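Order of writing sets the labels: A, B, C, D, E and F. Residues in every chain begin at 1.
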Amino acid sequence: MVQMGRGACLRAAAGAMALLLPADAMAQAAPAATLNGANTAWVLTATALVLFMTLPGLALFYGGLVRAKNVLSVLMHCFAIACLASVLWLAVAYSLAFGQGGSMNAWIGGLGKAFLAGVGTASLTTGDIPEDVFFMFQMTFAIITPALIVGAYPERMRFAPVLLISGLWLLLVYAPVCHWVWGGGWLAGMGVLDFAGGLVVHATAGVSAIVIAKLLGSRQGFPNELRPPHSPSMTMIGAAMLWVGWYGFNAGSALAANGNAGMAMIVTHTSAAAASLTWMTIEWIKFGKPSLIGIVTGMVAGLATITPASGFVGPAGGLVYGVVAGAACYWAVSYVKHSLKIDDSLDVFAVHGVGGILGILMVSAFADPSLGGLGLAKDMTMGKQFGVQLVGTVATVAWSVVVTFIIVKAVNAVVPLRATGEAETDGLDLSEHGERGYNY
Amino acid sequence: MVQMGRGACLRAAAGAMALLLPADAMAQAAPAATLNGANTAWVLTATALVLFMTLPGLALFYGGLVRAKNVLSVLMHCFAIACLASVLWLAVAYSLAFGQGGSMNAWIGGLGKAFLAGVGTASLTTGDIPEDVFFMFQMTFAIITPALIVGAYPERMRFAPVLLISGLWLLLVYAPVCHWVWGGGWLAGMGVLDFAGGLVVHATAGVSAIVIAKLLGSRQGFPNELRPPHSPSMTMIGAAMLWVGWYGFNAGSALAANGNAGMAMIVTHTSAAAASLTWMTIEWIKFGKPSLIGIVTGMVAGLATITPASGFVGPAGGLVYGVVAGAACYWAVSYVKHSLKIDDSLDVFAVHGVGGILGILMVSAFADPSLGGLGLAKDMTMGKQFGVQLVGTVATVAWSVVVTFIIVKAVNAVVPLRATGEAETDGLDLSEHGERGYNY
Amino acid sequence: MVQMGRGACLRAAAGAMALLLPADAMAQAAPAATLNGANTAWVLTATALVLFMTLPGLALFYGGLVRAKNVLSVLMHCFAIACLASVLWLAVAYSLAFGQGGSMNAWIGGLGKAFLAGVGTASLTTGDIPEDVFFMFQMTFAIITPALIVGAYPERMRFAPVLLISGLWLLLVYAPVCHWVWGGGWLAGMGVLDFAGGLVVHATAGVSAIVIAKLLGSRQGFPNELRPPHSPSMTMIGAAMLWVGWYGFNAGSALAANGNAGMAMIVTHTSAAAASLTWMTIEWIKFGKPSLIGIVTGMVAGLATITPASGFVGPAGGLVYGVVAGAACYWAVSYVKHSLKIDDSLDVFAVHGVGGILGILMVSAFADPSLGGLGLAKDMTMGKQFGVQLVGTVATVAWSVVVTFIIVKAVNAVVPLRATGEAETDGLDLSEHGERGYNY
Amino acid sequence: MKLVVAIIKPFKLEDVRTALGAVGVEGLTVSEVKGYGRQKGQTEVYRGAEYAVSYVPKVKLEVAVDDALADRVVEAIRDTANTGRIGDGKIFVFDVEHAVRIRTGETGTDAL
Amino acid sequence: MKLVVAIIKPFKLEDVRTALGAVGVEGLTVSEVKGYGRQKGQTEVYRGAEYAVSYVPKVKLEVAVDDALADRVVEAIRDTANTGRIGDGKIFVFDVEHAVRIRTGETGTDAL
Amino acid sequence: MKLVVAIIKPFKLEDVRTALGAVGVEGLTVSEVKGYGRQKGQTEVYRGAEYAVSYVPKVKLEVAVDDALADRVVEAIRDTANTGRIGDGKIFVFDVEHAVRIRTGETGTDAL
């Protein structure tokens, strides 16, 4: 059977824990497990890489795409969300996602690990790394996921609702779905394959993004008077950091420094490269001018799409993933903007939502050894696995849509989401944060 | 007893060496120690992370805060200091800090390890990592500490004195204090707790900064005609890099890839997040507009403050550290600027000095298991530990003030510190370096 | 005998493989080799560091040096080359470089490992790390080397030939030379010392750069109406990232987390620092104004020069390397620009070509224990080693010149290399990519 | 010939240009300026200190037109750039003694 | 009405604005320009090659004033912007035919 | 005295300055502007959507000269800035009522 990455590790760990012991006795209760320093070293490194994806990677990627008068507000969104998510993760969200939920465990973890109760420096879990290291690694995922959604609402949402929505979303959307898939919940039980977050990260964020964008309304002048990104270089810097950091995201999800991590890195990298070249080629053919914004958008599409599959497919699978991702997300961007006319401003749904879901569904084929994959889950056939993946997708999408809808409505009842027309004209940097991006 | 991090490791190693052997026979003389590859891998990584904090992290953090006409001079200061400190570290400073000082060893290491004499690729020290790796890791601390002081004197100090002061300061302030605390000196002997540099890094730099700022005088127009930071985005990029790099700084200081490193990373991260949110909240309440510069300044405060405690306190301690750091440093910034009227331009003292000292003193409480800490040093009580921490603080502050004062006076006698009024008006980029920051 | 780094490891591995087994049986056939997780963790990390050198490091370093109207085109070159090289590396180039070439093995590897055929997650090679990890690490070298050449032709070459030339160059220049030196080819057989790529990376790129620059012709107004770099800060950010990433490049080339990696890091760092200070001092003496662009150019010179020697020389050697690199490359920049009058616009030859070759030749002296080195290859004397190094240099230079010349001529016959005068005036950002760098 | 110079709020630029097109203006020149006047700049905060920014970003439009058209151009700008709030800006009209189209050497109204 | 245009050294801007306030000027428009003249730009160095930058950053001030005030405005600028060193800049005065405040439609001196 | 204002293509700036030097101009002021006219801006593409940029970067030159020199200055600009393609730009001449050199207080032609 293929090595199943984080999902499997956690299910095993969670199961053992449920049966055997109170949390604070955990380290002793798993006598076979001894610390693997090498794996720990790699996961510590991967944690730094994934934090780097949000701060400053994603912030710059998004910041360069907006107009100069809103650049700081976007950086601020990413930064403040990172801080807020970190505190919430420590307080309760980690426990909800990875704790023991008792009778509710199929749906949600309990509060037993709130504030890391019972987790000492000697606690090991998920195989052979310290649980505190695993906690940190997972925290960086909980940071980037709500931050991805920032791309849906820049240039017009006020700052207070940004924080309220993000915080609630982390607790009510991210934590449960994370538990279902990686925390030993019902999707894990069905054998869903999601190596590094196609459902947990990209589908949740992408789907919620389009819901928020729809409810919030478009920016002034959308879609005819769009302005080009104020700083494509800033966007490229962010994109490059995302690429590098994604090594930690995907190869780190192997939770081990071995050939599996290496292969995850290879397919991640390959998909990014192939998707970039695909997007570039489409633009070249269509407009005669392949753009920098285009190639890096393709890169993100390639990375988001391979994420759920990165521990399961082989190099050829990585190539196919990249080509499909580049083409599908290219098409989705136009579709959302011009057919649905939704101002999901930085294309979070088209890139992360579409990419993540595509990656989840395709994995049932490309994980199969016949297509160069490393193998499906035990006792699975392509068809059966596809069914499981589909169930996971539908459930994740439905939950994300409904809960995000409720959150947005509730927050809007307390604080109006939308900046005034004048604040929007002046730019959020000045109106919300009292600063200007460029004082040259 | 709590695992004591670098300080303890080094004391042990230094002690053994002093008793047993000439330096070049060291590897053989510690037969029990065998290379731990995992720990080595993590410290190599941490070394890269800490270099990244200075180049480009800190340089950008500071560069964005000054006016556009001085941005290159600030980048240049950080870069040139990094180069100079590296060469000096290799030449003598490492030996002064971590070498054997013989009868003077309480105060200063000797010159026995100048130019790494006797340290081969097979030498192990400080537990189970190669001494050359330890040397490199420590070098990155010796790089960032004098670079922190750059924030005290930008926009008006000439370049030659920047180099002279920084070089002398490394040898006369940093190296001795580092020896006292981490190199087996008198403060180590007293059992002072300073995991990753509250005294060695932040207190020395912060206190020296305000001395230099006072002696140098204020920028033209201070404090009424201050200009806002020319590029808050640049500052945010730098801040984000500092955060990521700080994982190496603090969790790397565990010198091991284990749960201790993981916990150090958690409390570091938590303090940063909590301090950021605290600073943001204060600004929000006071001005109605939480700023990007504000939140990232809070972040640095949180990180500087937790640094000495990062190997000793638990997650709740990290939260408290962050809240205290955010509030105290916020207050200190105004106090220095408006009450003391000292133009410590980028608030090095208010953030690093105040934060570092606070962190050192608070550790005596928060390291205690009763407050969720991992334990005090052997045979210590909270009160006794506080006494030791206080002695360490007073000694470090006094030494930094006196020696920095002498260095500044001496250098000023040779080369005038201050740029001419015209050079200041034109900006140091053109007048000192013949370049302009923005040729758009 | 000194530990010989990647070259030796690969030769050994390649030799064993040639004798014993078909590639897909490799893992089993080397029973003694078991996975070293610590080394794997470090090489995974180093891989991320080296990717970071190109994206965004090198891209920014180069992007800041051109005029504002061409900045995006330079970033695009680096990004697209990275993607293209990645796909080619997977498809055939890795196999050409590191595969078994059978009877042609002295010259080129075969196609046996095309698309990683036969390489699973369990395959080990080159000592004790998984071959897929080794493949990824090497890929990042194959990405940066053609990207280095971008500096020869910015602001005037069209985008299609950039891709064509880069792709062909990777296959026809990089892959063979890489095989000769690191893949068990004829230079490896002679005992050439090239730890991390003086010949393979810097000499090939530097020499090819000047050939392309010569054939392409100069930018309008060269050399009298040169414009200063449009963003020295951007260049400095890139430079700093290069420095940090170079830790992975050189210390990662030890393929192990041990004292050798540590020493490689030390000499790498030392050479960078010394070369920076040397360049700065020359400018200071000559113009009275040491510049930021100057100091970071010195840094790159120091890093390129130490690269081939980084696993072989000691700290003092690192210092000497740095000083020589700073002075020699400083001189070479002027020589190429003003005497040869070749518009190798960002000085690729003067810095990488001259630096890489210098480093290769000097290693025969400085690897010797008498000069603080870690030892020459077995049975070598300084003189004999120098002969070998010279042969390697002449062969690499000759091959690079001839093959690059042919590639350029061939591509130019299909697609004219040069942008029209008007496109050059407007800037390549708009004319080739339909974007502008700065929309403030 | 006259040169009509208008200092307006940046976000009104597109409306004004459209309006000018409607009255027959085919070319104009735009630059970014900073204005000081009744309208005060926003307040910026920097590490706990608040300070006022005296200058407000404005756009300056320069349109050379035939004497006959000048009044309609002034009117068109006034009507479209108006928001009724302070800081809407000013229009100044100058006499142009001589005009040349560089490409053709045409002068006077033909140069426009 | 007159338009007084002054090209001054950037660091003198605040002093000049204050001085103009003292003589009764309530609004003005500022833009960044590059000047070429007797004052030479600083020398920049790029990788071993030195080259002169011909242009010097200057600030351009435009103040529309009532005829009666024009001379005092010119004087105020001259006195405050003066450092006695080359490159202090120039003042030019133009005749304004017509002025309109966009917000209210007021014209002439009322527009200021 | 006259003020000659020219809107030209940026890459012609150096040539024009040299030509002006040849006819005796010793100082001038330059600013960056965006032009709207017959010449259309380039098309930009953003994530699959193409849109036209209406404005073209131009450089604005302002040269104050003695009446006697004005015609030669206009001619020099016209001849050097000309590429024969649309978008070459315009020259406008205005009357200057008064000029002052800030450093010395010299007025009129002496101020230049």
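Assume a contact is a pair of C-beta atoms (placed from the backbone, for glycine too) under 8 Å apart; a residue touches a chain by one contact, two chains touch by 3 or more.
These numbers come from a predicted model, not from an experiment.
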| item | value |
| --- | --- |
| Between chain B and chain F, the fewest steps along chains that touch one another | 2 |
| Co-neighbours of chain F and chain D - touch as defined | A, E |
| Contact-richer chain pair [A-D vs A-F] | A-F |
| For chain C paired with chain E, centre-to-centre distance based on mean C-alpha positions, whole Å | 52 |
| Whole-Å gap between the CA centroids of chain B and chain C | 34 |
| Chain B-chain E separation of Cα centroids, rounded to whole Å | 47 |
| Touching two or more other chains - residue numbers and ranges from chain F | 31, 43-45, 50, 94-95 |
| Where chain A touches two or more other chains at once, by residue number | 36-38, 41-42, 45, 228-229, 257, 287, 289, 291, 293, 434-438, 440 |
| All touching chain pairs, where touch follows the definition stated at the start | A-B, A-C, A-D, A-F, B-C, B-D, B-E, C-E, C-F, D-E, D-F, E-F |
| Of chain C, residues touching chain A in the complex | 35-38, 40-42, 44-45, 47-48, 51-52, 55-56, 59-60, 63, 71-72, 75-76, 79-80, 82-84, 86-87, 90, 115-116, 120-124, 130-133, 135-136, 139, 159, 234, 432-440 |
| Residue ranges of chain B in contact with chain D within the complex | 223, 226, 228-229, 283, 286-287, 289, 291, 293-294, 297, 330, 333-334, 337-338, 347 |
| Contact set on chain D toward chain B in their complex | 43-51, 53 |
| Chain F-touching residues of chain D, taken from the complex the two chains share | 3, 17, 26-31, 64, 94-103, 105, 111-112 |
| Contacting residues of chain D [partner chain A, same complex] | 11, 14, 42-45, 50 |
